[in-house]
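Note that the chains take the letters A, B, C and D in the order they are written out, and that residue 1 is the start of every chain.
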Amino acid sequence: MLLAVLSGFILAALAPWLTRSLQDKAGWVLALLPAGLFVYFLSWVPVVVAEGAQVVAYPWIPGLDISLTMLVDGLSLLFALLISGIGTFIIIYAGGYLHGHEYLPRFYAIMFSFMAAMLGVVLSNNLITLFVFWELTSITSYLLIGFHHEEKESRWYALQGLIVTVGGGLALLAGLIMLALAGGSFELHEILASEELRDYGFYAGMVILILLGTFTKSAQVPFHFWLPNAMAAPTPVSAFLHSATMVKAGVYLMARLNPGIGGTELWLYALGIFGALTMFTGSFMALRSTGLKAVLAYTTVMALGTLTMLIGIGTEQAIIAAMTFLLAHALYKAALFMLAGALDHETGTKDITRLGGLRQLMPITFITACVAALSLAGLPPLFGFIAKELMFEATLQAPLISTFTTVLAVVSAIMIVAMAAVFSLRPFLGPLKETPKKPHEAPLSMLIGPVVLAGLSLVFGLAGFLPATALVGPAVAAVHGAPLDFDLYLWHGINLPLMLSVLAVVAGLLLFWQWDRVLAVYRRMTFIDRFGPERGYEKLMDGLVWLAAWQTRLLQNGYMRNYLLTIVLTTVGLTGWTFFVHTGSSAPLGTIEFAVHEIVVAGLVVLGAIVASVTSSRLGAVATLGMVGFGIALLYVFFSAPDLGTTQIMVETLTVILLVLVLFRLPAFQNLSSAAARLRDAVVALSLGGLMTLLILAVNAVEVTDRISDQLVAWSYPEAHGRNIVNVILVDFRALDTLGEIFVVGLAAIGVYAMIRLRAEDRKK
Amino acid sequence: MSTAMGSLILRTAARFLLPLLLLFSVFVLLRGHDEPGGGFIAGLVGAVGFALYMFAFDAARTKTLLVIPPVVMVGVGLFAATASGILPVFVNLPFFTALWWPVELPGFGEVKFSTPLIFDIGVYLVVLGSVMKIVLALAEAEE
Amino acid sequence: MQTIMAFLIGALFAASIYMMLRRSIVKLVIGLILLSNAANLLIFTVSGLTRGLPPLIPEGAALPEGGWADPLPQALVLTAIVIGFGVLAFAVVLIHRAYEVINEDDLDKMRSTDT
Amino acid sequence: MSPEVALPVIIPFIAGALSLIFYKSHAAQRWIGVIGTGALLLASIVLLYNTYTQGILVMAMGNWPAPFGIVLVSDLLGAIMTVLAAIMGFGVALYSLPTISRDHEAFGYYPLTHLLLAGVCGAFLTGDVFNLYVWVEVLLVASFALLILGGERAQMEGAIKYVALNLLSSILLLVAVGLTYGLTGTLNMADLAVKLPQVEDQGMVTVVGMLYMVSFAIKAGAFPLFFWLPASYHTPPVAVSALFAGLLTKVGVYALFRFFTLLFNQDVDYTHEILLWMAGFSMITGVLGAAYHYEIRRILSFHIVSQIGYMIMGLALFTPLAIVGGVFYIMHHIIVKANLFLVAGAVYFMRGSYELKEIGGLWRTRPWLGLLFLIPALSLAGLPPLSGFFGKYIIIRAGVEAESWGIVAVALVVGLLTLYSMIKIWAEAFWKAQPEEHADRAAAFEKRLNDHSLMLMVIPILSLAAITVFIGLGAQPIYELADAAAEQLLDPSHYIRAVLGEAP
């Protein structure tokens, strides 16, 4: 099972090479993997039907509760079969669609990674592994959507999809972690068995976070806008993303978690209302689109909304409807997308209004499109009809929000019927229109998928017991949490759902008849573009860029003094505040006693420091600096540190020499700062100085009885054979310090040398 | 320094002072373990001597007088200091453990030869070399 | 004297920070030199001041006579002085070189790398 | 006695000294560069292995027992950091061969990198607070000199800020060390861990702790003290930037981890709360800075600030899992960040610019480089299954468990913004077509690039990418390592016993 999931990644690594060496046959040969996977997953169906959910465990990172454990039940199998089955046709189709494209090798590599990631999402039993695959689908789909990446639009829309889905994904991560904490495990089969999820203290927060993830991924209102824009991708990608993968990941996760965290009012309202709104928005926007792919994209939004709504409603009926609808949608949507691509590929345009009269030139395309579109419209005897009937039934029975959902469902259905008709009839009927390319039937590689899938829509419609027992039934059992007994029939007798269907079809056909007029009305409704959520996204991104620019210019403004001020104030603030709060700012002044020569030297040092800081003469600054340095040397000598004194004098001499050598090539000081700035600086400087004084006083007040130096003094002569203890410390007790110190000196010399010599080199040039 | 006379006095002084200062620096270096002094102060004294010589004459001449290029002196000094720390490892003692070899030199009495001494000589070389490097580089840039 | 030294050191810190906040790069470096001196003096002071008892052991004795000033801070300060010297020699030449390249000693004019 | 503890310091010292002695021979310097860093890598791996199997290793320098002499201590955190430093050193040494110009070699590039590594390793291994100051100075002065190699105007401007602000930080560290000795009479960290809680005036202990915090936070480039970093990191040769990006700020982070687990754990509610705020703001300001810029190295520089926030967040939450996350994050970040700079360098040598607006078309011509960019870039953004994801996951999980919702939200949003700016680089440099007006320069750079130097550049990039993938896919051993390191950090008694012996 693990190999089945990961094989896609392995093939992805080999795909570029295989594509190059197999040339024209690449699509057909590469499709063997998903085909094989399909057969493999099919072989699990009897096992699951007979024995229920299976857990296949593989360890990964036990320390972090992350495993590669796979959960095989009806839901995951349904998805896995769709992914691998439709994937097979997509791979073949891409071979024809992108024939000879220079990026085909890397396209296949990304495509297989994407497919594997998608399988990982639906099969993972571990929450974190699921999330890993989830994010992988985001990033791989980003690369797929931006396939035509030298076009600015492509890059922009790819980024949009990525930001929205990954943004939601991050919320999801937090939600999943909370879910794991609530359920006491990271393994889905254990979490879902837990009874306490709904009583978790942060239940609402957790659900909202998880839904942020699933809503963005599955393009629910108000995050739906990225999905139609993702049409920037080449058609095989759109077909795959929209029918069986990517956008369905969100639906999958909601379905998966339904038995654990579903069934609450929050769940019902969130999913039911947002789902219904999404359903309506999708069909409403579809009706106003003229691009072949745009129409399909919006009907996908409609379908995702429907599924979300059904899961939210959560009754037995609704779950049966959801799973049936899911299957039906995947079949017809993949077929329709591939057909749209075929039309586009052969005629050179995606604009429905520019197509017409193709029925004789592309007969197979025409017939297949009609079959698939019938399923989309929800007409008998197609599988889509069963799904729609069930959907109506579910909305009618929905608790609390049934009127709302039913009305929206019927309105949506009307518009979808119209669009299905537009899609399947407009390009083919009427007089032949001029197109950029001379149209003819698409090659076999591009037709085999749609034909088979549309055929399945028909077969499943006629023989409902097939999907009911093998696919939908086990999936419903998984989503509901317990098996349900039901059958799928075309004919339910004359009941309310049927009446609604009839209404939808009749009204839809009327709408189709008047489509051109409808379009004209739509054209005037520009507010949709001006105020849609996509504007919100753009505003958000603009705002982000503005905020980034503002804060960066504010903080990183290039003014050294601002940096210094900030750092000094932070130091004084943090340390001073701590001092104030934690010590009650007690710093005993201590006794004031001194010898005259000491106080004279100390006074000179302070004087020197003050003069150095206010003088405007360079020489004065250096001279007073020297005075400070030599004064400090004297203080060292007064307080029993002859070595220190000598060293300080030497160093001070050298520093002054260096300063003199260097300073006099620089311009004279100018008084550049304003009086206010100088006052501010003086206050800040004094605050740090004051802090240091306080700290010294406070530490001086602390009596330390035993110091490590006492032992060093005792060892100095007997053990280390030296009578100058300071030197013994330097070369023996703490030789490592001294070693570091001489390396610093050596390094400084190299640095100085490099700087000066580079200048000399410059001059030579 | 601007007048020929001043320069002459300086040159004469430098010629005499340099050997004296160098001798003194070695003295300060060797006695450092027992009396105030040590490698660092000694190195500075030596550097001051050479710097004086350089002011009196020129960088090129000082360089030839130094024999070893300052960078190499720094390298050797660092190497010696580091090596003195490594030596004890070969007799199975931790790094920087002091090893002492008292040697009886005729005329000088007992001289304590030790790894801290080598270390201090390393310090001396590094300080001398580094300061000379900086001063020479600055002076060469002038010329 | 320790109390007085505490104020002395505070004054040194204040003077150095004030200088570093000026716009001239030369003052910046002088400020850094002062800062380094102030910190050294601080280490020296906070571990106690002792008059006239350098940590030297006379010939023939095992310990300094009559007590000793703590040698450890002295060794630390010596190390810090030398390190400070190396660093500041570098800084001095750096501003010199920077002035040559940029031909400007006003820090406010050196903003191209940030904005 | 465990001499291996000192080897990561001694080896680069020897290599540095030797390359100075042979400073006239470029060939010798290059060989010493590769062999020296290679030996360092071996030594540090041995050290980590021994530390993992034998527990905390201690080496008393000069045979003077703790707390009187200086000890080098290798606990797991220190050993891990050393290995990472050595990996960076070795990788950058290889990368330097084709990318560092002869001029730079002549002015001490190789000795400087050795000594930088010595300083970094010393800082990771020392068990003495003053000695830590010395190591910090060693690496700082080495970094000063490396930063100005080339002597361009931008480097000078950047260097002035870098030098001044870092010196200020060192002075604060020195002051803190001085006050520590004044309070306790000792410098040994283990001894301090025993004696600090015995100080009568506990308020002063916290006060000194704050000084350390400010000083290390400057070094780490945390908010609001990071200004020197974006001002300078993009100016030196790219190999240097990579080395800095990988290592220097991490010394600050390491020190924060060391000090605020071992020494200042008395008032966690106060100190670590401050760290938490610091972490949050670092994440936000850093990532916004990156979102603003359009120069690859500036983007990457600001990201350092932001990522530092994640590491400090691990420390600040101060739960076992959070510390594990912090350690894990450090490991991941060093590898990934340096690698991104190396890739940026490769981009530069192919296009002649770091400005995103002037370059493009790399995905068309060099898809493998695209892949090698995506691995560290997506890892930095925390996307699975790369190393960054697991680091972030652990930290966020720790945050959720601690119910610190605010910081969790920040960490998540910043992750998204990180992705945004990484994708910005990707979309501009790789996806966009090469802008016409700069095509000539790009062509000229392409022409100059030969296969041999390209290979030397790619080997380290590829190796670091492989490590990134390994840390991700094989997270279990890395997690176990981080877990063991965190366990040592949270129970300082191990450290104290190892250094001071059985009865402290």
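Going forward, contacts are C-beta pairs under 8 Å (C-beta built on N, C-alpha and C of every residue); 3 or more make two chains touch, one makes a residue touch a chain.
Note that this is a predicted model, so its numbers are computed, not measured.
The chains that touch both chain A and chain C are B, D.
Set against one another, B-D and C-D show the most C-beta pairs in contact at C-D. Relative to the centroid of all protein Cα atoms, the closest per-chain Cα centroid is that of D. Rounded to whole angstrom units, the spacing between the C-alpha centres of chain B and chain D is 37. Averaged Cα coordinates give chain C a centre that lies 28 Å from the centre of chain D. Chain geometry summary: the mean Cα position of chain B and that of chain C are 24 Å apart. Contacts with at least two other chains are made by residues 13, 16, 20, 61-62, 111, 130, 134, 137, 141, 144-145, 148, 151, 160-161, 164, 168, 175, 179, 182, 185, 187, 227, 230-231 of chain D.
The multi-chain contact residues of chain B, meaning those touching 2 or more other chains, are 35-36, 40, 71, 74-75, 78, 82, 85, 96, 98, 127, 130, 134, 138. Residue positions 553, 556, 558, 560, 564, 568, 642-643, 647, 651, 654, 658, 662, 692, 699-700, 707-709, 712, 723-724, 730, 732-739, 741-753, 755-757, 759 of chain A each touch two or more of the other chains. Contact topology of the protein chains: fully connected, every pair of chains touching.
Taken in their complex, chain A has these residues touching chain D: 60-64, 66, 106, 128, 131-133, 135-136, 138-139, 142, 146, 149-150, 152, 155, 158-159, 162-163, 166-167, 170-171, 173-174, 177-178, 181, 544-545, 547-549, 551-553, 555-556, 558, 560, 563-564, 566-568, 570-571, 574-575, 578-579, 581-584, 692, 695, 698-702, 704-709, 711-712, 715, 732-737, 739-741, 743-744, 746-748, 750-751, 753-755, 757-759, 761-762. For chain C in complex with chain A, the residues that touch the partner chain are 1-28, 30-31, 33-34, 37-38, 40-42, 44-47, 49-59, 61-64, 68-79, 81-90, 92-97, 99-100, 105-108, 110-115.
Of all residues in chain A, those touching chain B in their complex are 642-643, 646-647, 650-651, 653-654, 657-658, 661-662, 720-724, 727-728, 730-732, 735-736, 738-739, 742-743, 745-746, 748-750, 752-753, 756-757, 759-760. Those residues of chain B lying in contact with chain C across their complex are 35-36, 40, 127, 130, 134, 138. Here chain B touches chain A in the complex through residues 32-41, 44-45, 47-48, 51, 70-71, 74-75, 77-78, 81-82, 85, 96, 98, 100, 112, 114, 116, 119-120, 122-123, 126-127, 129-131, 133-134, 137-138, 140-141, going by the rule given at the top.
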